[in-house]
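This report concerns only the one structure given below.
Per-chain numbering from 1; labels A, B, C, D and E assigned in written order.
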Amino acid sequence: MTSSTLPPESRRSSAPQPRASWVQERADLDRTTLRPRRDRLGHEPPPASPPGTLVIDDTRRPKIFVIDYDAEVVSEKEIERVDECIPYLTDDRPSITWVDVRGLGHKATFERLGEIFRVHPLALEDMVNVPQRPKADVYGGEHILIIARMAQVHERCVLRTEQLAILVGRTFVLTVQEEADWDVMEVVRERIRAGRGKIRERGADYLAYALLDAVVDGFFPVLERLGEHIEDLEIEVLDAKRRMSKPIHDLKRDLLTLRRAIWPQRDLVNALLREDNPLISKDTRLYLRDTYDHAVQLMDMVETYRELSSGLMDLHLSGISNRMNEIMKVLTIISTIFLPVTAIAGIYGMNFHHESSPFNMPELDWYYGYPFVWGLMLASVVGLLTYYRRKGWLRKDKDDDGA
Amino acid sequence: MTSSTLPPESRRSSAPQPRASWVQERADLDRTTLRPRRDRLGHEPPPASPPGTLVIDDTRRPKIFVIDYDAEVVSEKEIERVDECIPYLTDDRPSITWVDVRGLGHKATFERLGEIFRVHPLALEDMVNVPQRPKADVYGGEHILIIARMAQVHERCVLRTEQLAILVGRTFVLTVQEEADWDVMEVVRERIRAGRGKIRERGADYLAYALLDAVVDGFFPVLERLGEHIEDLEIEVLDAKRRMSKPIHDLKRDLLTLRRAIWPQRDLVNALLREDNPLISKDTRLYLRDTYDHAVQLMDMVETYRELSSGLMDLHLSGISNRMNEIMKVLTIISTIFLPVTAIAGIYGMNFHHESSPFNMPELDWYYGYPFVWGLMLASVVGLLTYYRRKGWLRKDKDDDGA
Amino acid sequence: MTSSTLPPESRRSSAPQPRASWVQERADLDRTTLRPRRDRLGHEPPPASPPGTLVIDDTRRPKIFVIDYDAEVVSEKEIERVDECIPYLTDDRPSITWVDVRGLGHKATFERLGEIFRVHPLALEDMVNVPQRPKADVYGGEHILIIARMAQVHERCVLRTEQLAILVGRTFVLTVQEEADWDVMEVVRERIRAGRGKIRERGADYLAYALLDAVVDGFFPVLERLGEHIEDLEIEVLDAKRRMSKPIHDLKRDLLTLRRAIWPQRDLVNALLREDNPLISKDTRLYLRDTYDHAVQLMDMVETYRELSSGLMDLHLSGISNRMNEIMKVLTIISTIFLPVTAIAGIYGMNFHHESSPFNMPELDWYYGYPFVWGLMLASVVGLLTYYRRKGWLRKDKDDDGA
Amino acid sequence: MTSSTLPPESRRSSAPQPRASWVQERADLDRTTLRPRRDRLGHEPPPASPPGTLVIDDTRRPKIFVIDYDAEVVSEKEIERVDECIPYLTDDRPSITWVDVRGLGHKATFERLGEIFRVHPLALEDMVNVPQRPKADVYGGEHILIIARMAQVHERCVLRTEQLAILVGRTFVLTVQEEADWDVMEVVRERIRAGRGKIRERGADYLAYALLDAVVDGFFPVLERLGEHIEDLEIEVLDAKRRMSKPIHDLKRDLLTLRRAIWPQRDLVNALLREDNPLISKDTRLYLRDTYDHAVQLMDMVETYRELSSGLMDLHLSGISNRMNEIMKVLTIISTIFLPVTAIAGIYGMNFHHESSPFNMPELDWYYGYPFVWGLMLASVVGLLTYYRRKGWLRKDKDDDGA
Amino acid sequence: MTSSTLPPESRRSSAPQPRASWVQERADLDRTTLRPRRDRLGHEPPPASPPGTLVIDDTRRPKIFVIDYDAEVVSEKEIERVDECIPYLTDDRPSITWVDVRGLGHKATFERLGEIFRVHPLALEDMVNVPQRPKADVYGGEHILIIARMAQVHERCVLRTEQLAILVGRTFVLTVQEEADWDVMEVVRERIRAGRGKIRERGADYLAYALLDAVVDGFFPVLERLGEHIEDLEIEVLDAKRRMSKPIHDLKRDLLTLRRAIWPQRDLVNALLREDNPLISKDTRLYLRDTYDHAVQLMDMVETYRELSSGLMDLHLSGISNRMNEIMKVLTIISTIFLPVTAIAGIYGMNFHHESSPFNMPELDWYYGYPFVWGLMLASVVGLLTYYRRKGWLRKDKDDDGA
């Protein structure tokens, strides 16, 4: 039996957006907003603060959702006050309770959370102060704190990442999300609601695995989008229609952000695999090995994309040089056609007095003088163009258009 | 005694194609198909899915081939339904059964396969969901799952890779190929049919080794083709007849694809070597050491080719700059010849009235005025050209053609 | 109860300066001072000297501050002579004594310090001779010497670093700062004065941890400033208003300096974590793990910024080439407009005598000769410009301005 | 007592060739032979083959030499049939027998060798199929197979490498060389013949060490030649007399080849050192440490040369750009001199009718009109050249020649 | 009591030279000597030779100095024959004997040294054959052979390195220097003579440490010089007065040389630290840890300088491109001023007969025709220059000078 007190619009979707032209979108974005990157990449940590201090914006109150389930029953509810989740934790049924806190803010809420779940001050600090580097820490043999980072390609093709803290206990999982408006864990919620797979029959460690797996797998569509973006850039770089160095630089930035998110997540899964922790059953460990493989595969992709984006810059620079060559060739050919003509015409525009000397420009009186000069001009132009054709300059010019 | 129910045309060849001009072929290909690279490199993984879920296109039915052999008898058959392979597995004879599934599709087939061979759900997921990173995993001490990746230079000089899953049991080997139309394992089939070597006398672990060895050795002709391709590119870059940055970028992409395939395969062979697994006999381990050496050698080649292809880009860029220099020199020389002539002719084309002043262009009345001006023009042109010759500009121009 | 003998102005602030334009400030600085970098980066070690020798400038006397506290009482005092700190160390109360020596100088002071605290000669040498590489060494199981490096973005946007030596004993901490006028430890002093957190209840190892944490966290605002600086540079590089290679080079230098400071500090925290040292309690070790995470995060940021700054150089170089292309296009277009006109006008400026031959420039007598020539000129110019427009040269020119 | 049945000309020399101009030689070579590099670098491995298969060209018969020695006697002989070496192996004397097979070919010979020395099929395959990656493998505790690679700078300055397989038994060493016409082991033969050093008093392991040492030391003259080559290239790049990108690319290729040869050889010596193998005595191990040091030193040199050759490419590219600047300056100066002259002359070549208006070119009637115009021309040219001189363009031009 | 038989001039100084302009000095040097680098970097190892063979130039006889000391007495003497040092080694006093051999040459001397000190043949070979890679080897538990490399910035700003072999026994230290005319060990000699520090009270291991420390610390002034050199180059690159690619390349070469010297020295100190060698006391090990820190710091500096020198090359290349842009702009502006003037003047220099048609150049008869044409010329020039000013070309030109 499944009971859900959630209105349908509160079920957040992690479905991939329809694909728009990344580059175009981003260019528009950069134009409308003055400094869009600062906010996106501004995951810089807060200045020095004493350990255990919570740096929390007090104005926004986080939303709190509770999902409590065992093999037979699921109940799902949004609660207003933190204390409302206590009954789920202390009831007699051996159910798994997942408390999902969306958004950071309202210090009192988090301090109360810390008391209810008996979180170590340092653990609470890491859950609340963003950004933390992804990691997995054991506190007192009772709790595992997993700091992960979710990624999403947002609307208008902006890469967004968000911290997710997963605190695993024996019968509960507490998750704290940095932002309230999106996550990648809806697939897990659906599986719990539908009773698909074994998730309803297993413990809190399996739920934590499922969440971690959703986070790691959530990077695949992001990297897929970036892969398509790289291919678009390749075509655009070869077309050379626009200035490409900014988009390529932005791509590199995004890949750096992803690498910073994925690399330590691979390490944390590995740490969970290796450590002999009683909280994680041997069976769940087998599934974590799968997650580890995915994280390694993600790292492979990021590194491959980084190399490809370096190659893009080379392509771009060589394209600029090629266009320079083309411009120079056109300039040279135009000079070649008109400079000899001007020079020859200039010679026969001199005013030497032919009455003063028989040597003074007798050509001007020749019967075929004027046609002869035309011939001279044509000959010099044709001669030079033939020389260029032999060098392959004229042919290549065509090739450049066709390529 | 060998019995084969296969028509001869179903025996797939892994013979190397006759060598065409890689670059030309690929250029043609890029022109005819709009986005050929997407498909080739589009081995991106599927979005997040619960563990054990099979993502299978249901329309295409895979082909299934069974080869059952012991030291004396070989029987080879294409079967229609999965259940037809059960007799081979359960008969009394201690024969080795190789079930080769070609192509992914038709979910029911794979679910039935999973039941017959008692495959772990995670193992089945890895066999069916492509692409997986190459790896070797042990499931329950009974099965080893090897995920490998085969490579081939396809017709029209396109690099293709395909996932091969090898599930090794005590008396059987189950292989699942991503695509139905090619593989690199025909050499092993021939050896089984012909009874060459020791393959017919050994167990399933030796068959798995032989397949893995065929996969790894299948990269050698691919890298050989790439090596020839690099040498062709070197000559073309020095000839500078065409735009080379695109082919070099494609080459780097192919090398990245190969590295992503070979590197983890080296690791998986190493893992098989080191782990103390009862399924792999000590004798087979000796042969696997040989496969490991080959994988290391492949990595050496890929890294060497990657460095060479970086060098190619440098060659290319320096070639562009050299050509720019050449163009500039021609422009400078042409300007040098005609600008002084134009200037001098312009001077003597002025209309100063010599009747107004004796200083007003008395040259126009000189007896040898006109020849003198010609001499002046010639002198300035010859003087400048001599200066250039001393700088070595004229000489080098010739050298560039000859080189 | 808290007693403080310090005048308020001696409390040094580590608050972040208001943000000015880094680039502009630095450019001004470089102009006014001849060689500002030498001093900033001149942390080169002294030439070879026998071990245990103190290389101390004898003219400047360091300032010495003592903070002595336990859970109830804090007393803070600036002392004139070293020996004044002896009572704090030898009194009966189990209080923690923090002796903070600001500035190097006056050899006798340091020799006396060495005697009072029984510092190993090599440890004393490392505390006094700057710069040392950050490290943590144990001396005789009694003392831990931590060499750290503090960083600050100084006024006028100059990055400054300063060595901090922390000698940890059972009941005291001795810190030696390289310079007397700034540090990043004021937050710790405030916490001791205010009795916030657990610092007053714990031992000398916790104080050492708090100082080390303040040093590491002090790098975050520095890197934040650098991150903003990188974003400013990105915008400036794309605007291409000024020569950017110098600021980018300076940025790389600063990042190298930071890497040299942070990398070994990560190692030293790790060494403190791993080593089984009786001086550091298990509880403090938990907090040090937090500091270690911060140091790793700093390294991530430095490496990311290093990659971004490399990308900036690429952006800059491609910008230079783009501008070159633009200039060449303008030159070519101007040549294209005026060279044909000059050539055609030159032809009809020739002086062939039309009375000598009917072929000699009959155009000069045509009724529409002059308009015809104008038409010819216009046609050639318009024809060439149309050719350029098709090539996209004119369009892109506009695009460049808009971008 | 030494008996030698070898004619003197069969003693191969490994003396360094007199030094010619590497670059020149190679350029000639590239011109005369169409694709010389293919052969040199064509050490690509054969396509997939079943293990233990010998891929041998059957037409050429290898030469076989036997050296049998103990402390007192040396006998040296070229044998026709493989079986002739059996008496040396089976005689009662505890002599060391070195069988040296030069050249691959004639399958039966190698199969017989395999039988006589009881070589493992995989070992025999590695000895015969080239190229193998250098390595050391132990077979059954009885044999060590060392695959090494010899290098030589051949005549006409071509780098050649050749595989050498060393199979070490208790009382024999079997060496198989890839090519019959050169090796680097003559120094060892000389030492055996002359009885110099301890080689005659020691076992087969010492002989194997001596051979391996000769192979490793044989790289030193090769790298010395490359070092000289790099210095030549440096001078040539600065002279900028020829196109240098091809020689630099070839140099990089050679260094890659050497690295591929030396790196695994270092590893194999290290493996021999570390493994506790009864075939290699503790004393020989001491000597192998020396060989290891040499191999490490070689790697250092190769890496240094690789960095230098990257620097060479930078030098080359900056040289091209410098020359471009120079050409542009000459073009600008020439334009500067003649364009103003042409423009001014053009103005006074206009045909305004001075009878129609007093404003129509009164200068043409001035008494000093013509000299005035000359002055105008001179002034504009001198003015611009002065401006350039201030910019340093004229001065630098000279500097470029002198540098 | 200290007795010294050395004349004062034989005391070699390792004081830093007064700082000259490195670049200028080196440029002079390169000009006067044809191939100065060959000698400096020509530390290439000798060709293959049998182990234990000494490759010694027999003409030059090394100088041998003996210092024998204990806590009370020091005696210092230059000896002519090797055997003269035997009394110092065999006397009853437990004094430390330091035999310092300066210069390689005279084979008999070294063979006798080998006998007297019972040096292992391989150790003797490494001491005498230069260059060896720095390392520390133990021979028979009795001797430690340390191969180190000293560096010095010689007069005329040339970087010189020299091999120093240190053989440590129980009561003696034997040092062999590659060259006789300089070393960096004078500071140690002074300390022995003056009895400063603990050197006189400790054993041979402490002397060896002191020598090694002097060698390592001797790199600091060298790197300081290089650091200054890099700053000079930065200023010169930005000034762009001279061709900078050669000095930058030389700088990289020097840094490679230093890295090759320092890296293995760090490893050798580390090896001495870790190995449990009875020859090195625990106390000396503490001091070696200090030396190790210095070596690590040196490596940091070398790596930082290497990155800075790469950045210098980028600065240089961007400077070249900037200057190219500047030249092109000047060319374009000059063309812009004079090409329109020439074209317009050319038009009114045509000879159309105005009597043939009223359309034939009526402007020539206009009253204000000539001033109108001047106006036309001025308007076109001013219009184009205004366009350039808007593009910022004229402004930036000024900026370039000022920067």
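Just so we're on the same page, a contact is a pair of C-beta atoms (placed from the backbone, for glycine too) under 8 Å apart; a residue touches a chain by one contact, two chains touch by 3 or more.
Note that the structure is predicted; figures quoted are calculated from it, not measured.
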When chain A is superposed on chain D by its C-alpha atoms, the rotation angle in degrees, nearest 5: 145
Same or different contact residues where chain B meets its copy chain A, judged by the half mark: different
Between chain E and chain A, distance of the C-alpha-averaged centres to the nearest whole Å: 43
Between chain A and chain C, centroid-to-centroid distance (C-alpha), Å: 27
Per-residue multi-chain contacts in chain E, two or more chains: 317, 321, 324, 328, 331, 335, 339, 342, 346, 349-351, 361
Residues of chain C defined as touching chain E within the complex: 35, 37-38, 41-42, 44-53, 122, 125-126, 132-133, 135, 137, 241-243, 245-246, 249, 252-253, 256, 260, 313, 316-317, 320-321, 323-324, 327-328, 330-331, 334-335, 338-339, 341-342, 345-346, 348-351, 361, 364-371, 373, 377
Interfacial residue positions of chain E with respect to chain C in the complex: 14, 16, 184, 187, 191, 196-197, 199, 210, 213-214, 217-218, 220-221, 223-224, 227-228, 231, 234, 238, 286-287, 289-290, 293-294, 296-297, 300-301, 304, 307-308, 311-312, 314-315, 317-319, 321-322, 324-325, 328-329, 331-332, 335-336, 339-340, 342-343, 346-347, 349-353, 356-357, 359-361, 384, 392-393, 396, 399-400, 403
